[in-house]
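Supplied in C-alpha cells, the structure appears directly below.
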C-alpha cells in the first residue's frame, strides 16, 4: 500500500520565478493519476520534484509512510518516462533496458528474462541490438516505457510520453498504457496537456495552472462539475462555448443580454454580486431538436467542419456577433448561411463569477 | 546537381588547404633524406636518398629517450587531466560551482607568462625532490593544461545531456555513476578533442621541461632545440627528428575516425 | 661527547674521500663539436681518475635558462660548467663561480699557455682566476681564396683599383674586394649576419675595431659616438645593402653560413670554427676554396668559453680534476685534431694539427690580436641594446647617429649600474 | 532556505572541483604570489634577496619603458590578427569538413600534423623555407618571375610572415575545437530547417551559430591567451626584429627574466600584462556568462 502524499510543495527558480506554488494532494495506490494543464503550468516540475530530478524549495513528498523529500532519486524507486524519451544514445536497446537493473546488481539471468518479458510485451524484441538513433519514434517511445517497466518500481512517473507521436500511434499507445496499468497494478503519475489523454486514461485528474492546483477529481467529476472557468474551458472538445454577458433579472426571468437569451429563473438559483457573468455550454449539450429543459435559440450557420463521423457546426446567434459551436452526428445536413434553431440544455449550463472565474454555487 | 557541385567545391578547397599544410611537411620529409648541402641547394636537385640523419639522431643524440620521455609525460598529463577537466566542467555546467569567480580564477592563472612561474616552481621542486622526475613534469603540465581543458569542456555539457543524465538518475544511478556512465560517453567528441589538445600542448611544452627536467627526463622539444647549435642549424637532422615527431598522429588516427569524424549522433534525443 | 665529534669527523672525511675517489660529475654542455669530441675522449678520463661524467647536451639558447636556476640554489646539480664570455661578469658578480687560484697554484697548472686576451676574457675577473679558457670563437674573415688566386680576377682587380688582389690586410682593401666581387665571379661580395641580438652585435664589433674604434675608454666612458664608430656602421649598412643578399638583415649565422657554403658569397666575417664546416662536403659546396684570415685592420673580435666550477658544485675537487684533464696538452691536441676549437696556444703550433688544419696558422694570428667585447655584469643586456639599435639603423628606422648615441648612453648607464664606470 | 538535496548537489560540485582547484592552487598560486611580492623588490637572480624594497619602482620603470609599450602594441596587433584570421579560416574549414563524408579522416590527419611540431622547429624550418636566396619559397616564386621576397628582413614583411607561419601552425587548433563543437550539434534542427526551405546560409545563421556560440567563445578565449603567450616563434625566427617590429611582449618578458635576470621587473611586467589580458578577456567572459 503506497500512497503518495504531496504537502505544501513549492519550487522557485532563481529566487523569483515560481514554478510550483504551495500545492498539496494525495495519490492513492494503483491510481492512474493525471496532472493536466497547459504548458508552463508547473505540472512537469511537480513530476520532476516527485521523481527527485529537481530539488523542491519547500514542502514534503511522502511515499507510503516515508518522507522522500530529501531522498536521492536513485533511492526513491520511482521510474521516469520522459517526453523525449532520454534514451542513452550510446547504448543499444538491450543495454538501455538493463541499465537500471545492472546498477542494482541484478543477476544476469533475471535481467535477461525481464528484458525478454518486457520487450515482448512492448513488441521491441526485434530491435534489442539497435541503437536508439536507428529506431522509429514509436519504437523509441516503447523503449523508454520498457526501461521503466523492467524495474518494477513503486510508481511510474510519465512526462507527456505520447506527445512526440503522431495521432494514430498516440491512440494505440493510449490503450496499451491503460492495459499495462491494469496488469501491473501500480501507481501511474502521468503529465499531459492533452485532455483526451487525461479523460481516457486517468482515474483521477489534477488540473493545474500557473503553479497551483485548480481541481482534483475523477474524469467524470471534473468534466461535469468544473469548479472554475479554466477547468471548464480546458476539458472541452473541440471548444467550450463561453460567453461573457450582462444579465438582467426581472420577476421570474433572467435575460442574458449578449445573446438575447431569456430563461426562467427557476433554472438559475445563484447569488450574484455583479450583473455580469460568464456562462458556458459545451458543444455536446446543444441539440437540434427540442428536449425537456432546453431553450430554443435561432442562429445562422457560418462554418461546417466535417470530421467524418460528425460535423462541428459553427453558428452565429441571430442579431448578435456571438459564435457558438456544436456537434452534429450527421454529415452534410446543412449548408453555410442556413438558418437553424438550436436548443441549449438548461441543466448543463454552467455559470462563473466574472471576477474570480469560480463556478457560481447553486443556492438551495 | 547543385549539391554535387557544392561537394566538389568543398573538396577542392579542402585539398588546397591540405596542400598548404602538408607541402612544407613533405619538404621536411625530403630534407630528412638528404644532407645539409643538398637541402639548401637552389634550384633543388635530385639527390640520392640517405638514412644517415635517422641513424645520427639516435646514435649521436639520445632521441630514443627524448621520445619515450615525451610520450610518458604527454600521456600521463592527458590521462590525469582529462577526467579532472571533465569533472570540473560538469560541476561548472551543472551546479555553477564557485560561480564566475572560480572560472575566471582558473583561467587567469594561465595569463601569466610561464617564465615567471617556473623559477619559483623550480625552488619548490628542488626541496621536494621533484626535479628531473616524470611526476614533477606531469604535475607542472597538468597545471598549465587543466584550466584550458576545463573551459573547453563546459560547453559540451548541453541541456540534452543533463536530461539523459536525469533519466539515469531516476534509473537508480548515483550522481557519480550517472556522470561517468552517461555524461562522459555523451561528451566523447569533446573529450577526444580536449585529450588531443592536452596531449599536443604537453608534447610541445618547452619552458617547464627545460627548467624542471634533467638529462633523464628531457622531452623532444629540448632535444630538437639542441639541433639549433651555435655552429648553425642541423637542418637535415632536424628534418629527420621532426618527421618522427609527427608520427604519434598516426597512432591517434583511429580515435579521430571513431569519435571526431562521425561525431556522436545524439539523434535519439528527439 | 668529544669522541663522538671526532668519530663523526672521521666518518665525514672518510665518506668525502671515498666519494672523491669515484663520483659522477654532472654538467650542462652546449651542442658543439667540441662537446662531442670531449664525450668521445671521456673513457680516458674515467680510466685515469675513476670519475664518470654525465653531460646534458643542449642548444646555446637553452643553456643559460637551464643553468641559472640550478646556480641560484644552494644545492647545485652542476659540477662544472662551460661559461660563455657573455656571462662572465654576471656569474662573477653573483658569486656563482669558485675561485680557482688555490687549485691552480697547488697543482702547478701553467696558465701562461693561454693568450693574455683570452685569460682576460674567460679566465680572470678583477685579479681572481675563476675559469680556464675552454674553446674559442674568435671572429675572422673567411673568404674565397680560389677567387683571389684567379689570374683573371687579379688582373681585373688591379686594373680597377691599382692594387694587388691578395688576402686583405687593411680594411680599405677589404671593402674594395667586397665591392669588386659583387656580381662578379660570385653573387655577393659579402654576406652579413644581420639578425638581432648577438649575430649583428658580434659582427658589427669587428667593423668597429677594424675602423679603429672601441666601445669605451679605461674609465668605461662610451666611445660609440666617435667618427670611427660612425664609419663602421656606415660601412656595415653599405655592405649589407649594396653587396649582400636580400634579407641579410634577418640572417643569423646559420643563414649567412649557408649562403657562403653554397658558394654564393665572396666573404663572410664570422667565427673561425666555421672553417671545418666549409671543408665538410655534406654541408658545403666550397670545399677547399675558403681561407681564414684575421679581420682586416686588426679588427677581429675575440670570443671564448671558459671552464668554471659552480660554488654550489657537490664535487668541486673531482670537477677540477676534469678541467685539468680536459685542458691538458694531450687532450687539447686531440680535440684540435678532431676539429675542435681549443684555446691553448701550444695547440696552434703543434705540427700535427697544422698539417691537418692549415687555418690554425691564421687562427693563431687572430687570437694573438683579437680584441675583447666589454665584459661586465650587464654584457647580455648591452648585446640586446646593440642588437636592437643596429637592427633599427640597418632597416633605416633610426639614423646612424641616433642609434650609436643610444648605444653609447645605454652602455654608460649599464656601466654605472655595475659600478665599473669611473668619473 | 535550501534542503538536503541542494546541499548534496553542492557538495558533489565541490568534490568534482576540488582536485583541480587544489592542484592549480598548490602549484601555481605560490609562484604567482611570489612574483607579486618580488615585483616590489629589486629582485634579480644575481641578487636573490628581498632586502631592497623599492615599492612600485618596477612598475614605474615598466611604464616608462618605450620598448615595453612598443611590445604591447605589436602584441595587440599580432593577437588580434592571428586570432581573427585563424578563427575565420578555421571555422570555414571546420564547416567544410563537417559537411563532407568522404576522405574526412585524411584531411583531419593532415591538419593535425603541424600541431605536433614544436614551435621551435616550426620557426627553424620556416626560416629555412623562407631563406631569401636558398629557400624553396623564393625559388618557386622565381619560377613565375617574381623577385625574391625579403620575408624576414623587412619590418612589415617580417610581421606578416610571423603571422602567416603562426596561422599555418595553429589554425588546426581552431579547427579541432570548432569541429568537435559542430559534430555535437544534433542533426534534427537542420532537417527541420531544410524542410522549411532554409538555404545553407540561413541554416548557418539560425542553427549553427546559436548552437556553436559557447564553443566559439571558449575557442577564441583559449586561443587568445595562447596567442598572447607566443614567444618561441619570434625568438627563433626574428629575435623580435628587424628593429623591434616583431618584439612580442612574452619574448620581451622572457628576455627580461633570463637575459637581464631581473625577475622583479619581469614580474611587474607580467602583472601589467595580466591586467591587460583580463581587460581584453572580460567582455568575452561576460558575453559568455550571458549565454548561460
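To keep things simple, chains are lettered A, B, C and D as they appear, and every chain counts its residues starting from 1.
Following the convention adopted for this analysis, a residue touches a chain if its C-beta (ideal position, glycine included) is under 8 Å from a C-beta of that chain, and two chains touch if they have at least 3 such contacts.
All of these numbers come straight from a predicted model, not from anything done at the bench.
K.L.:
Touching chain B and chain D alike: which chains?
P.N.:
The shared contacts of chain B and chain D, listed by label, come to A, C.
K.L.:
Let me spell it out: compute each chain's centre from its C-alpha atoms, then which one is farthest from chain A's centre?
P.N.:
It is C.
K.L.:
Is the C-beta contact count larger for A-D or for C-D?
P.N.:
So, comparing the two chain pairs, more contacts are at C-D.
K.L.:
Go ahead and note the Å separation of the Cα centroids belonging to chain A and chain B.
P.N.:
So the centroids are 55 Å from each other.
K.L.:
Please compute the C-alpha centroid of chain A, do the same for chain C, then give the distance between them in whole Å.
P.N.:
92
K.L.:
Counting only Cα atoms for the centres, state how far chain C is from chain D in Å.
P.N.:
37
K.L.:
Indicate the residues of chain A shared as contacts by at least two other chains.
P.N.:
Within chain A, residues 52, 72 contact more than one other chain.
K.L.:
By residue number and range, which residues of chain D touch two or more other chains?
P.N.:
Residues 9, 45, 127, 131, 133-134, 258 of chain D touch two or more partner chains.
K.L.:
Would you pick out the residues of chain C that each touch at least 2 other chains?
P.N.:
61, 65, 254, 258, 262
K.L.:
If two chains touch, include that pair; go through all of them.
P.N.:
A-B, A-D, B-C, B-D, C-D
K.L.:
Any idea which chain B residues touch chain D in the complex?
P.N.:
7, 10-11, 13-14, 17-18, 20-22, 24-25, 27-28, 39-44, 84-85, 87-88, 90-92, 94-98, 100, 102-104, 106-121, 124, 139-140, 142-143, 146-148, 150-152, 154-156, 158, 160, 175-176, 179, 187, 189-190, 192-193, 196-197, 200, 203-204, 206, 220-221, 224-225, 227-228, 233, 235, 238-239, 241-242, 245-246, 248-250, 252-253, 256-257, 260-267, 269-270
K.L.:
Under the definition above, what is the set of chain D residues touching chain C in their complex?
P.N.:
Chain D reaches chain C through residues 45-48, 67, 127, 131-134, 148, 150-155, 158, 235, 238-244, 255, 258-261.
K.L.:
Give the list of chain B residues in touch with chain A in this complex.
P.N.:
163-164, 166-175, 177, 181-182, 185-186, 188, 264-270
K.L.:
Give every residue of chain C touching chain B within the complex, in rising order.
P.N.:
26, 30-33, 36, 54-62, 65-66, 69, 73, 75, 77, 137, 253-254, 257-258, 261-262, 271, 273-274, 277, 281-285
K.L.:
Given the complex with chain D, which residues does chain A contribute to the contact?
P.N.:
52, 55-58, 69-70, 72
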